[in-house]
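Read through the structures below before going on.
Look at the two complexes coming up: chain A is in both, with chain B in one and chain C in the other.
Up next is the complex of A and B:
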């Protein structure tokens, strides 16, 4: 027992070193913008950059749109599969896992071919349409996590009894969804939402190839042109991811919330 | 009887109608875009069926090399991630560490497995880059230059990219494998001990055979995870490292191959590889769930 505890600590120490060292190094590097002293200059430069604020805002709004669209697609589907169409479960789960099989860069390549400006549905033709396409693309990326989280949440409540109770009281379909089912899986939806936010906020491939002014391409541009700001941005991105995961822990105290399928 | 059939019909159709948004969405933004690329891989410029694109792909050493280095990086980071992730998961589940270590490792794993992309590249440049903290400290304190000819480390190469990918691969492995380790029943170890088995026997004949499908399946998932990654590599190396996602990225941006259909073939090859590894993962997961229920 003693030996295995020691072994456990040794493994933990190695792991902790590998994972903490890059964070420390990045933080240290981000403080070195002013020669010969430590300062938060790089951070104030970043926060003062209008492009930083614009791209971050753009990605944050896009993440919110993605979350709403994702919930609209996923919640009714998971509900119906659980309640009325269990024979479709295999098919639906297969489709929701597809984004883990098909790389994001391939999906966006498909968009560019399918929705180019001379196609039947020219979604890349205007800015507004491209924004919508990007949001749908992000729903696709988030689908495996969102579906799994919501489905786990539905498993924990008795969907059938809740629905029958609401129906016997004369509730309509929309009332059942909005006032009975959704409040009961709220924590699962929120957990999925924060995970989606963490995925979308710094996403690079989709945004870059669809030419959108998002935070991911901005990060890449800074990395190619600046010395100290990228480190500050990496620390900021890490804190944002950390905040999302922390919020998942608070809202979605269920196992499976942050695990992958 | 007639009433029963009617109500079944009316019950089915609104439910199926409710599934419509999901299937339309999946069709438009997931299935059709993928299919149209796969079709394109087998078409010439005029739209006729051909195998030329795949033949051209196989005749381009540079493109084949890019698949190969992608596969190497993905394999190395998947196997490394699986190994170290398993060790960490073992340490926090069975290593007798206090509960706070376990919960903080799990929380951190959730964060680090999502801390990928461009910021991760920045962090590793600041750590192991030519003027990175670790590089400089190793040089100043120990006189070791990791960029020297003897060690041959380069962040912008196979070894550097693998080291960077491990930062999200290891935590992902921890998250996947901890539930599997928790599924090992105490009775199994006790039974093994009663029968005179040592610790080695327990792992060799009980625990590892039960865990094996989970471990292998998780490794395949990690493989696909790094195989499709673009942002980290692009931010780290620009286009100097010839991995397949960066080739495809350049092709989408500017048709560097001067042949759109060859680009589709390139994408088709990627789908094929991730399909194989994920198909194996799903199959193995089905096998492991039988035991760990």
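Up next is the complex of A and C:
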């Protein structure tokens, strides 16, 4: 084996150990709920907890709403920026990156100040409105990931020419969007969607400060009061995230080109 | 009665005027090429006809109807792009059916039309393939079928052959022309390739810097270029600058030799500068007999091009190119050989720039 190859494997092993060891330790700890034996008791307790099911379902539904809203905002925006407003590209990229720079706690305090029950738009005045506010907040939070994946997807196709080809065949803007653009950036939108799902499912700050029964605050609550269940929840959360990443890989895979002589 | 009338259209992008007063009309069923170098405004004209660009001034009429203000999706004009622009998520058949579905045609009619189009482009078995499974030439044929499936009033071709290799380009060029003739559809074809334009068109519009330089049949454009630009852009041309000595009898002095131009110089006077334009195939080596113009020089270079041999002869300070047919019996002259060039009095005189 070449020296450089060996060094590569050593570095890889070190990195893998660094990331996998804590996970293995957490997993091992989560199996030790029953004294003196390994079992999935902690998982059984977690899955049997009605609050777990309720909070997970709440976050999952909110994640789906966030994905739909995000796609409705991001896909037309990225399309218009590519097609008609390329000079605004830098500005739009800057705006979409802001949620990475501005901490979530600052955003949520801004929301509370703007939309409190005595403001002109009291979105925190009712459960339904607060849920909507949380979904809007999550759209903001997921914006950098959603915009980047969709924009990259659009870069891979010739948006302008495809639009013009469809127009010359009589297609309206809505038809072009639904039948030409969206199907061709589907894998990019799905990649953004899975990233959004992974972010929303474990989000704590927004949900906690807006007092919503989401999975993030539930994780925190369990972590503060139980010993083994938080480890099981951590592993479950990892698995959900990894499943999302795996789905990104599957949907993001390009079709192989076949050349016909 | 013209079918397509482009009346004095202009297009400006900010301060830059891309197209100046473009005025042109085409008959029904005519195949017209817009020919010119990159950036001359030919694609902009095509895009204004298609509705992708809105003209700054002027009007576009199709079949007697002003379409200047109509959006692209209501013009019923088929377009084929250089980059094929097939929808990657749809099969060949679905691509061809796209416009028909938009027009809400019955499913049975769509199926029949798709089959007709696949037969027309000679790809009857490839309906289920995706664009990425086709070669460039096949993709462009599908793009042509897709544009024609909706029975457009007119066909616009934006450099459709530029992305293809030479052999396929020539084959597809002939195929496009044959399909166009078969359907009798009025066609506007944009190209920067003069050979392509000359071989395929009924008429050619030569453009430069956003203006029309000349409109004419390929024969007229090649043999009677009206401006220095057309002369230099279309084919190889030898330009001989001289001074008119007798405008009535058509005498002109070039490099100290008197030449005669049939028809004289009706717009010129003795002492005026004038430019003669000569195609390489109009010049022969040898005295050419009585009544021919002559120039003397030395062979500088001989280029073998298969059926044709291009010989470059230095006459004083100017280089003159001439073409002769390849012949096994008469090999081309060696470099440095002194030769006399001759050409007839029927010489093209270029209008001053």
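Note that in this section the second predicted complex is superposed on the first by the 252 of 261 C-alpha atoms of A that agree within 3 Å, B and C clash if a C-alpha of one lies under 4 Å from a C-alpha of the other, contacts with A are read in each partner's own complex, and residues count from 1 in each chain.
Everything that follows uses one rule, which is that a residue touches a chain if its C-beta (ideal position, glycine included) is under 8 Å from a C-beta of that chain, and two chains touch if they have at least 3 such contacts.
Being a predicted model, the structure only gives us computed values, none of them experimental.
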Worksheet item: Should A:68 be classified as contacting the first partner (chain B), the second (chain C), both, or neither?
Response: neither
Practice prompt. Could you say whether A:168 touches chain B, chain C, both of them, or neither, answering first, second, both or neither?
Written response: second
Practice prompt. Using the superposition on chain A described above, determine whether A:184 touches chain B (first), chain C (second), both, or neither.
Written response: second
Discussion item. Quick check on the superposed pair: does A:242 touch chain B, chain C, both, or neither? Answer first, second, both or neither.
Written reply: first
Discussion item. Is A:114 touching anything from chain B or chain C once the two structures are fitted on A? First, second, both or neither.
Written reply: first
Item to complete: Quick one: name whichever of chain B and chain C touches more residues of chain A.
Response: B
Discussion item. Touch test for A:57: chain B only (first), chain C only (second), both, or neither?
Written reply: neither
Worksheet item: Where does A:136 make contact in the superposed view: on chain B (first), on chain C (second), on both, or on neither?
Response: first
Practice prompt. Name the residues of chain A shared by its contacts with chain B and its contacts with chain C.
Written response: 255, 258-260
Worksheet entry | Residues of chain A touching chain B in the complex | 1, 4-5, 7-9, 11-12, 15, 18-19, 21-26, 28-30, 72-74, 76-77, 80-81, 84-85, 88, 92, 95, 97-114, 136-137, 139-140, 143, 173, 195, 198-199, 202-205, 209, 216, 219-220, 223-224, 230-231, 233-234, 237-238, 241-242, 244-246, 248-249, 255, 258-260
Worksheet item: Which part of chain B faces chain A closely enough to touch in the complex?
Response: 11-12, 14-16, 18-19, 21-22, 25-26, 28-37, 40, 84, 87-88, 90-92, 94-97, 101, 105, 107-108, 110-115, 117-128, 132-134, 166-167, 170-172, 175-176, 179, 221, 224-225, 227-228, 230-231, 234-235, 238, 245, 248-249, 252-253, 263-264, 267, 270-271, 274-275, 278, 282
Worksheet item: Which part of chain A faces chain C closely enough to touch in the complex?
Response: 157-158, 161-162, 164-172, 175, 179-180, 183-184, 186, 255, 257-261
Response to the item:
In their shared complex, chain A is touched by residues of chain C numbered 50-52, 71-79, 81, 83, 85-89, 98-99, 102-103, 129-130, 132-135, 138, 143, 146-147, 150, 156
